[in-house]
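Attaching a single structure in structure tokens format; questions to follow.
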Amino acid sequence: MSDKELTPGRHLIYMEWYSRDVGGLFMKMNRHLFAAKSPYQRIDIFESDFYGRVFSLDGITMTTERDEFMYHEMLVHVPMFMHPNPKKVLVIGGGDGGSVREVLKHPTVEKVVMCEIDELVVKAAKEYLHYTANKLDDPRVELVFEDGSKFVKQFKNEFDVIIIDSTDPTAGQGGHLFTLEFYKACSEALKEDGVFCAQTEGIFYDYEWGATAYRRIKANFPIAKMYLGFMPTYPGGMWSYTFASKAGLDPVKDFNPEKVRNFKEPLRYYNEEVHVAAFALPTFVRKLIED
Amino acid sequence: MSDKELTPGRHLIYMEWYSRDVGGLFMKMNRHLFAAKSPYQRIDIFESDFYGRVFSLDGITMTTERDEFMYHEMLVHVPMFMHPNPKKVLVIGGGDGGSVREVLKHPTVEKVVMCEIDELVVKAAKEYLHYTANKLDDPRVELVFEDGSKFVKQFKNEFDVIIIDSTDPTAGQGGHLFTLEFYKACSEALKEDGVFCAQTEGIFYDYEWGATAYRRIKANFPIAKMYLGFMPTYPGGMWSYTFASKAGLDPVKDFNPEKVRNFKEPLRYYNEEVHVAAFALPTFVRKLIED
Amino acid sequence: MSDKELTPGRHLIYMEWYSRDVGGLFMKMNRHLFAAKSPYQRIDIFESDFYGRVFSLDGITMTTERDEFMYHEMLVHVPMFMHPNPKKVLVIGGGDGGSVREVLKHPTVEKVVMCEIDELVVKAAKEYLHYTANKLDDPRVELVFEDGSKFVKQFKNEFDVIIIDSTDPTAGQGGHLFTLEFYKACSEALKEDGVFCAQTEGIFYDYEWGATAYRRIKANFPIAKMYLGFMPTYPGGMWSYTFASKAGLDPVKDFNPEKVRNFKEPLRYYNEEVHVAAFALPTFVRKLIED
Amino acid sequence: MSDKELTPGRHLIYMEWYSRDVGGLFMKMNRHLFAAKSPYQRIDIFESDFYGRVFSLDGITMTTERDEFMYHEMLVHVPMFMHPNPKKVLVIGGGDGGSVREVLKHPTVEKVVMCEIDELVVKAAKEYLHYTANKLDDPRVELVFEDGSKFVKQFKNEFDVIIIDSTDPTAGQGGHLFTLEFYKACSEALKEDGVFCAQTEGIFYDYEWGATAYRRIKANFPIAKMYLGFMPTYPGGMWSYTFASKAGLDPVKDFNPEKVRNFKEPLRYYNEEVHVAAFALPTFVRKLIED
């Protein structure tokens, strides 16, 4: 039976409880396609008419087919377009494959190393999440199943772009990817003109984590700037990312919109105006992260 | 992975909404083992630590592994022990197999015909609900996949016991099994000393249906008596059944407790005291069904 | 505006989570009439079309206007009809007033002492729960706001009937009313022909508490018998009570149904047949509490 | 008792179901402060630790104390700062008072007419929502309780700024404020240099309404531009507004950031960078509204 034939009742409800259990998002599901417990976390994949397939770790939504493009485009294209010639890219986390899919839209890329701690996430994504995982078998991709916070330490001056596509600091092993030490190792693993970008959590519910991550990144790079994007199925729909550059590139002043306008691959969220606009922070966010 | 290794989070919630949407029961699930849409209804099977496997039709709980014994024992053993020598039994509905399982505990039984409209329910039960379906392949069992309200019309003076194990009158094709005409056909299909029993819905939320079914049964038999049993995962936990006898047997006065005391098969709910006690109706139930 | 004019949406949901968070009951509410935190517990009163007014302590349903009669009649009339001439009655707990209301239906009663630890419960009940609290100002009633487990110790050979209408052992101070020591004190506070009855929790979800309470009561009286009643809005709808008698009265053999048949006050659940039937325990309950 | 002393349990849940019932947001509440049915809609006010006071109409969240500033600042300050000298302002809807509060931060304002169809909303807001309603008694404010779609028709060339702070087109009488005819009347009620702004719904769940409202506004003004803002407790957290100008002012090219930088009143979301950035639409939104 095709997925679309099974219309949802009101009896199968996926509830994501936000931090400190203040509330959350619920989605009416059609079916539960996959459930497993890896050594790191509980993995679930659901399906619904509106959200499409929904992937969650420890009950926290990682991607939905309907809006993952907003997250992955904002996490990946901001740093990728800031680098003059990205050839070698490291993605830490990102087991669903969405970040790798976006990285490979850039024709200069020769190699993407994706270091995901949980091999079962990648297996599940390959089977159930074709919308994100469809480039994981590309010959330019090298998959490594290790703790990214350890893996990155073996590299010095190696990557053009490093992208941190982590789970929440409070879920699974996500906390490892939010430490000062980890960000320092990332900086060292980058080439001199390398750029870095990390998802730095929501700004409405988990604002302390966003501010903390931003400050720790900033402590390791000559320039670091937070930017925001809409992400409807993440808590508050208001997501933060932090861009950093080893050579001090400013993501607004040094941005070349022409590169984006000439880009051949289809994008649904990111464009040259959104790139700049994302760095315009609401006043309360400015204050949250100001020194 | 065995089922028990996947502990439930709080993110997968099965919600049964009761009649008129006044509220309902929710259960925290581990996984959703099966979902399909048959020509008649949506079928789901879930799994949880506490309730075990849970089977639902159109979002209404049919059985949970934890308490189905209460329902099936009360539906089946009351009529079976009232018949002096039950050899040929008809079960209408009951696709999960629980009623057949209980019928076959009676050593006099030579044949059970189970007429279930939805073949997919039986397939799913055989695969996922071993706790109820484990006797469906017994050589004494004949499975028929037809509308029970039509099927029963072809028989006259044929069965010793007829048991109606229907879904709710408002779900799928359940309404067919709650008509005056259907109960009349059941009466005709019974031998002269035959006995009849039907589940007649909850008495707290769906009390009108219980009273209606009782009156319609009573109109077709010289004696009909409603009885009650606990059934925690059904609405209100307060379930009604109606016993009827073609020869006028009274389920209390003509009951022989010795037969129950000498019964060799294990039972977990029904016993000779419960049989009699079940017919003692609370005053508001007496009034609900009084003429 | 009268209460009935405000029809419920689907946005105000009362969720009772059952023990160990396995699931629970949800009710669609119209309004939230009262919320307060006493020194002992959080008190809420809601209103809904179907359930009427709903009173909860620490998120656990105590009474709903729709089904409280089932609980209060079974808790009170079983012991009251067993006593030959109940004049002086002690109710411990029961702050909503429902038990007192039932006790006062017996014309022999000269005095009811109700010892409720939480005065705020009684205040709220008097204002919002007229359906249970309507007899709390009767001149035969003496209200005491103390810990019942301490209060009862001052009496020896004083009461004809003691009724324990406690909250759950896990909520507020409910645990005090489930100890061996407490039941011993109750026995001592009874006259020689006194009878005792306690609600002893649900048998489907909280079965360990039921068995424990039963055994502790039994250890303090020459005879103690558990009985069951339907209670749709309590967990599983399957509620246990334990009757005990200081003089060894058997609640079935020594029961006089004539007294019930001649009773003038209106009852909606309890009757002479239900009294006897309630002591017929399903086999799994027999086993749960057997020695 | 102060509101903060009553910590929330898990038993009082406010659930907003999004369009087409695909899912929604739930919030754990402390208490339900107010519930009433006006001739137009059901009005509820809840209170929670995290969200503060929450105001909803027909089960749809209108404001929460925690994030209403994001919505009201974006709806009001974009048009107010675009007008060279706003003296007379019309707010249609906005019964909670939040838009009026923001309008009055502009010192040039001499009069604000607020036309809200539902007087009971304003009464409730004055009593329970001081965070938004605290300027409704300002002498510059004139409150009118009428259908805004009719009220606006009596004015020609009257207002400097018109702000549409409506409920959803599907709730209450909200649909009246989304018609071509209504937007035409607004245009006529503006002075020649007047500016207009309307909330035009979410872009993730209710995207058709956003596009429709935008096109209808555009059909009545020489220039109309949609912009976006974060609004965590609205569906998807991604909210659209449409700015229009009778004289053809472009909200980006003709914007003077200096006015914002010199503004003396405290703002928490809106600033001169956010003003411009909000008009940078993600590609899928551009496509949704393109001609």
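Lettered A, B, C and D in written order, each chain numbered from 1.
By our rule, contacts are C-beta pairs under 8 Å (C-beta built on N, C-alpha and C of every residue); 3 or more make two chains touch, one makes a residue touch a chain.
What you see is a predicted model, and the numbers here were worked out from it, not measured in a lab.
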Smallest count of steps, each to a touching chain, taking chain A to chain C: 2
Copy pair chain A, chain B: interface residue numbering same or different (half cut): same
Whole-Å separation of chain centres (CA-atom averages), chain B against chain D: 55
Whole-Å gap between the CA centroids of chain C and chain D: 51
Length of the line joining the C-alpha centres of chain B and chain C, rounded to whole Å: 32
Multi-chain contact sites of chain B, meaning residues that touch two or more partners: 10, 14-15
Category of the chain touch graph - line, ring, star, complete, other: ring
Interchain contacts (touch definition) - all pairs: A-B, A-D, B-C, C-D
Residue numbers on chain A that touch chain D, as the complex places them: 10, 14-15, 20-28, 48-51, 67, 70, 204-205, 228, 230-232, 235-238, 267-271, 273-274, 276-284, 286
Partner chain A, residues of chain B touching it in the complex: 1, 5-7, 9-17, 30-32, 35-37, 42, 44, 56, 58-59
